[in-house]
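Before any comments, here is the structure.
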Amino acid sequence: MATGHSRPDPAKPRIARTMGKARIFTEAMPFIKEYRGSTVVIKYGGSAMVDETLRSTFADDVAMLHLVGIKPIIVHGGGPHISKAMARQGLEPTWVDGLRVTDEATMSVVQSTLAGEINPDIVRLVNAHGSVAAGVNGLDANLFVADQLDERLGFVGSVREVNPTLVSNLVGQGYVPVVAPLARGVDGHPYNLNADTAAAALAAALGATKLVYLTDVEGLYRTLGDEDSLISKITVAGLEELVESGAVSDGMLPKLRSCAEAMRSGVTMAHILDGRVQHALLLEIFTPEGIGTMVVGEGA
Amino acid sequence: MATGHSRPDPAKPRIARTMGKARIFTEAMPFIKEYRGSTVVIKYGGSAMVDETLRSTFADDVAMLHLVGIKPIIVHGGGPHISKAMARQGLEPTWVDGLRVTDEATMSVVQSTLAGEINPDIVRLVNAHGSVAAGVNGLDANLFVADQLDERLGFVGSVREVNPTLVSNLVGQGYVPVVAPLARGVDGHPYNLNADTAAAALAAALGATKLVYLTDVEGLYRTLGDEDSLISKITVAGLEELVESGAVSDGMLPKLRSCAEAMRSGVTMAHILDGRVQHALLLEIFTPEGIGTMVVGEGA
Amino acid sequence: MATGHSRPDPAKPRIARTMGKARIFTEAMPFIKEYRGSTVVIKYGGSAMVDETLRSTFADDVAMLHLVGIKPIIVHGGGPHISKAMARQGLEPTWVDGLRVTDEATMSVVQSTLAGEINPDIVRLVNAHGSVAAGVNGLDANLFVADQLDERLGFVGSVREVNPTLVSNLVGQGYVPVVAPLARGVDGHPYNLNADTAAAALAAALGATKLVYLTDVEGLYRTLGDEDSLISKITVAGLEELVESGAVSDGMLPKLRSCAEAMRSGVTMAHILDGRVQHALLLEIFTPEGIGTMVVGEGA
Amino acid sequence: MATGHSRPDPAKPRIARTMGKARIFTEAMPFIKEYRGSTVVIKYGGSAMVDETLRSTFADDVAMLHLVGIKPIIVHGGGPHISKAMARQGLEPTWVDGLRVTDEATMSVVQSTLAGEINPDIVRLVNAHGSVAAGVNGLDANLFVADQLDERLGFVGSVREVNPTLVSNLVGQGYVPVVAPLARGVDGHPYNLNADTAAAALAAALGATKLVYLTDVEGLYRTLGDEDSLISKITVAGLEELVESGAVSDGMLPKLRSCAEAMRSGVTMAHILDGRVQHALLLEIFTPEGIGTMVVGEGA
Amino acid sequence: MATGHSRPDPAKPRIARTMGKARIFTEAMPFIKEYRGSTVVIKYGGSAMVDETLRSTFADDVAMLHLVGIKPIIVHGGGPHISKAMARQGLEPTWVDGLRVTDEATMSVVQSTLAGEINPDIVRLVNAHGSVAAGVNGLDANLFVADQLDERLGFVGSVREVNPTLVSNLVGQGYVPVVAPLARGVDGHPYNLNADTAAAALAAALGATKLVYLTDVEGLYRTLGDEDSLISKITVAGLEELVESGAVSDGMLPKLRSCAEAMRSGVTMAHILDGRVQHALLLEIFTPEGIGTMVVGEGA
Amino acid sequence: MATGHSRPDPAKPRIARTMGKARIFTEAMPFIKEYRGSTVVIKYGGSAMVDETLRSTFADDVAMLHLVGIKPIIVHGGGPHISKAMARQGLEPTWVDGLRVTDEATMSVVQSTLAGEINPDIVRLVNAHGSVAAGVNGLDANLFVADQLDERLGFVGSVREVNPTLVSNLVGQGYVPVVAPLARGVDGHPYNLNADTAAAALAAALGATKLVYLTDVEGLYRTLGDEDSLISKITVAGLEELVESGAVSDGMLPKLRSCAEAMRSGVTMAHILDGRVQHALLLEIFTPEGIGTMVVGEGA
């Protein structure tokens, strides 16, 4: 429609700059609209958990998601911290098939490191960036109940049962739950869970919309070692093929297996992100181009 | 904290670009946080109501505000449309002190133009941009009850009573109300209201947080005619002084008087924006620099 | 039971008169009991919409229904007003198969007449008689979404989708919705709907108990033109037969077809009433004899 | 407004008759509107409780009030029934100052007559006329707690405390409570209450809008014995004067005193009606002329 | 675990005594846990209803159950009281097949005794022991609707329909309902119900967890007359066999038949207790050994 | 009252034993009644936290309180565990005025011991005894915000602010919160709180009814060292006098001071109990004699 009004000149720098900002907001609109009210379970680990700048931008991202009505839940790991704490106490880690053997003394270190060191630190971090976090560990309200995974590994659990009410109540009250991957064994003893697995099981039990892994790689590659083969989007069936094909590094395998299982149990979408990029979370969720690998259901 | 991880290089263009986006989101965070859940009454008029591009970006902005939890209410005017419709019917407008004399025939045109032409058009516009609008006119549920402003003007009303329940119910159900400034006269007859005044009265009755005027000027000027004297922020007392001082154009006077009155009745903040700038609404509310004149309470 | 009390003499005129009143109330009781809490969609048109006395008694009836807990919804037409408004603007109506061809200019007149002239007038009328009405048109909250009925007719719609939440919310809050039969086309353009059809579609979407047509005839006749063959009660199957038989005037056909369809979709009962009788609505619903033709389901 | 439509002829008998009906409904409208949602406590006794026709029209009236949204509560007496039951058991009533001396044996008859004979009968009566009644006696949920009124009278109580929650819950669930005027003494023993007093105390405790006495007189008279001096409307102050003046029969005194007290405690209006007139209740509440004496607050 | 703390000596009498108390509480824990929130219908009669000490300990038990979150409902009989009241009025009872013939005069005594004598007495009893009771009879809100059981018996009913809403509402509001086994006949007349049957029908209609009969025997015996054959636990099938076998006294038959029927309709468990033992109710429900006969479903 | 029924013989051992049980339940009734729905904050520490039998009976008591509708909240300390953990890591504790100097390294041990070792252990303990516990530390949802108590002590906090919403929400959802006495410093750093003080501050913030200290002494003594001077009941003023008098051991002082302060802030009652007695909690709350020292308000 033609109008006779003299319009402010969009070539002026101030007008141009602000219009640029507006474009980014409106670009994010469909994503905010789609995910508002959704539950997003974030496996938090790697560099994003140790580098001070990345910790800070991660907490900003969580606060931003929370603000626009998305419900973030953080599940953290803590392997390197546990190894350090064991060293401090003169305990020598031993491994079976790449998994840490967890005897009574080790389990005690695992528990105090996850629930007593890392978890409160993340709670403080989130609280300092504008949301209100509440720490939870898998023993609280019997969140995770575990069987023993393998006799040789001791107190390493496989998830038998998830009781997510405590976590969903916290979410409903506006808190950001921060979850340490401990479990109550069916024998009453505390058990250690793999954090990737725990995150996936929690996401499935909550019927989460998204499951996000913050890792120290750019995403998945079609061909291991070929940076140009980064996969931007893959179906869960494609993911399962990739896992079968052997084109996945050993460290990635449990992550991808639990991810596929969670999606088979009702989680809508998963993301494998490079946690070394500042604001990785926000960029993946709020920009059309994304930054990592997105796993979607068959029909999507 | 030093980490041995190789970080992705922020100098790479893709990384740099996405980081820029993230910065804009986080810059908006404190504003989203502050205004989430707030009611914002927007007087919609001028170029923003006639230019197709501006109409479209305005509707985007309303949708974006709505998405992040702000509650927008649109009050529209329609002077130029009314004049055109009168012309189409061969009616000659007459004026007293700059106000349109509204006899029976004119009132009939006013009503059918506001409630039957402009209001449904804005409803369609908003509905096409992702929110769900519901049109309301001041007769519905006796939203506005009016006295006669001046015998010489006929059916021109001054607001006597506002019954905002219908509007606040619509807001509570997630609709964007679009309000035509008609009123039920105490004599039962329909009356015409000044849209600026109606918007201010509604904002006051709802206890709105913000009252926004989309105009065809950049904002208020300290010195009339001096573009460099644009006022970025002013207190309501300052605004009242400015009105008294005579440094305000005649067209602006009713807007500023009703604005000051609304703030004296509990509205927290008012904005006079240049509706000719695309996304004026979003930029004023979500960026630290803003783009127009903000009126704040004494202590702010 | 014999009692020794001296009873007031029912032959005294004052006692007799008041007892007569009481009899009428108690006669109405079973109907009030049956329909309390029910939704009644009333197609309002014809003489009842133009004669001042009938308008007033109609508004009284709506208020009375509302008072005793029935939920009235008014859907109005406006053919004669539209023709007059077109004439005022020098537009010549053209017709195809008895339906008004609605080009862009005509649609503009239709919209401003229905939503800007008739609808607010009915709202004012109801508000003046003790209920609180809220005007709605089919564009609000996408109440009616339409396909094009016939290319030759332009912006004449057939109902594709009804989103009755806005209307049922208004009812739930104690308002009387007054609905103008506009629709949002799937192409985004406003469309005109036949008011009889719109009323029937809304009744079906709301699961209304009753659908009432106020017309300018006494009801349905078994034999067209024979006043003594007025039908007091007919099943929906009987109605469909009547329609097939040709014993129905052309003007009645769309009314009866949409009526039958609404009943097939769950509306319990329909009434075709003579809107020229004062209080037709009240008398049909609250007296055992009724005044028009009642259409009931198979088993009733 | 002139319309060309041929109107049905209102001189035809059928049309005339139905219009008469409609007039009576619309005449009742303002009263229904005013009292909808109000609580009305009805002291039920005298002929209206023993004559079969009056019992039936009373139950119809209660059902009609209930239907249009008024909340009736029935408090009944039972003096004559108690005297008969005592006679059946060979108990001789004795009196002090016109009040029945209630020893242990008499109290037992009082309780079984009120709670076991009259109360269930009224419940059945109301249930047979379309509402759902629930019997309550003053011992239930400690509805009435009593002190001894006078040592010489034995188990005759004066109301010390009313716990109306049980009754208001029943009302809230749509039942019509039927209340027998028993009380729990502070000594734990059952006590007998005067039904007029109990009704007034319950009305006050519930904040009822109306307190209605069904009696065997036409109403109050300005001059005792002069039928033409029937009072149609009196203020509570006027009522108190009348009581002081001695122009009130002894039987009326406790009724009027408790009535004045209830109105001083917040009941809006009281009515003294002739229960010997069929539909007395309905006619008093729904017709402008009423049939008895209405007591109003000072300013009304 | 060894601790250096000097422990208080558990052999000291005070410590020993208090520890004994604690053991009893903890022994009750699993039962409280299991039945908290459950509805328990108690048929109250026999000695427990006439002996003052047993009445008092019964009321204590009801209060204790109520306190820990169990929902007791009391259904009482009244045969001996009715016989006494008939005698007082010179009425001679007649019997057919062991059932009282209930003519009009007898029914009147039954009603006033159950609803006017026994029911209010139990209400007062419970109210004096810390809970708040509300009396109900089967006519209230049409709780029980009855057919005539046998023409020869007159107004003796068999349960045709149970409308338990009034009772479940009272429970939901924290009252203890006390129910008199009257019924509204389908002919509108009051009817007398067998209290055992009424209790069972109410338990079934409410989906109660437990149905408890307080009787004047120790429980069920495998061999009639052999005290050592007291049955502690039996399945409903076993109960039905026992009834068929003839090893049950005539007085017990209707109780056991209605009990079996209630369990077939969803009641989980029934108890036949010796109401002559103080606190029989509490001991049966809160101690592992119990004191009477428990009837359980097949699989329990 | 004489009854003809043959009563079971209360001298029989089985009857005697069960009656004894019943007596204990009914003795507890008034206490259950009084405290049902009340919040009880329990400072858990000393022998009751380390001896296996006492841990188990403590958890039973918590479950029993919970079952009967009392809302227990556990606040634990952990001095000895912290000292042991410091020793394991070769850290030498230093003390100022009897308080542990808490530098960065010590604080890290404090946090991982309280939140990572003791808290999850208590959660598991409670979960194994029939309630569902949820661990919380003072950083979660900013439960405790602290100032530095004394520069010389490092990260030892004094409570500045309590945000009890998270805890009261958990209680409202039926969980037993187990609280570790950490705090967020106003500087963002984690701080250590004295557990007695934290329990008192939380009780005050929640408006708890009771504050219970489980200690390793029998209670308060009038004369220090004289076992016969054990105080059974004392007013808060009496307690304050006792504190001033010097008759209190140094270890008790902070406990008693925070206790007095909590009662001045609205806590109704405090108890100082001997946690070395099995079921100390249950016995104090549910028996008339109690076992420790009860502190009551002035008027109690």
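When the chains are written out, they are named A, B, C, D, E and F in that same order, and each has its own residue count from 1.
Note that a contact is a pair of C-beta atoms (placed from the backbone, for glycine too) under 8 Å apart; a residue touches a chain by one contact, two chains touch by 3 or more.
Since the model is a prediction, treat every value here as computed from it, not as a measurement.
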item: Subunit E reached from subunit C - shortest hop count over touching chains; value: 2
item: Co-neighbours of subunit D and subunit B - touch as defined; value: C
item: Angle, in degrees to the nearest 5, of the Cα rotation that carries subunit A onto subunit F; value: 180
item: Which of E-F and D-E has more C-beta pairs touching across its chains; value: E-F
item: Distance from the mean Cα position of subunit E to that of subunit B, given in whole angstrom; value: 69
item: Separation of subunit B from subunit F, taking each centre as the mean of its C-alpha atoms, in whole Å; value: 57
item: Inter-centroid spacing, subunit D versus subunit C (mean Cα positions, whole Å); value: 41
item: Overlap residues in subunit A, where contacts from two or more other chains coincide; value: none
item: Overall pattern in which the protein chains touch one another (line/ring/star/complete/other); value: ring
item: Successive chains along the ring, subunit D then subunit E then the rest; value: D, E, F, A, B, C
item: List of subunit F residues in touch with subunit E within their complex; value: 1, 3, 5-8, 10, 15, 18-19, 21-22, 24-26, 28-29, 32-33, 36, 46-47, 50-52, 57, 60-61, 63-64, 67-69, 130, 216, 218, 274, 276-279, 282-283, 286-287, 289, 291
item: Subunit D residues touching subunit E - in the complex, by the definition given at the top; value: 85, 88-89, 108, 111-117, 119-120, 123-124, 127-128, 132-137, 139-142, 165-166, 169, 173, 175, 182, 184, 188, 190
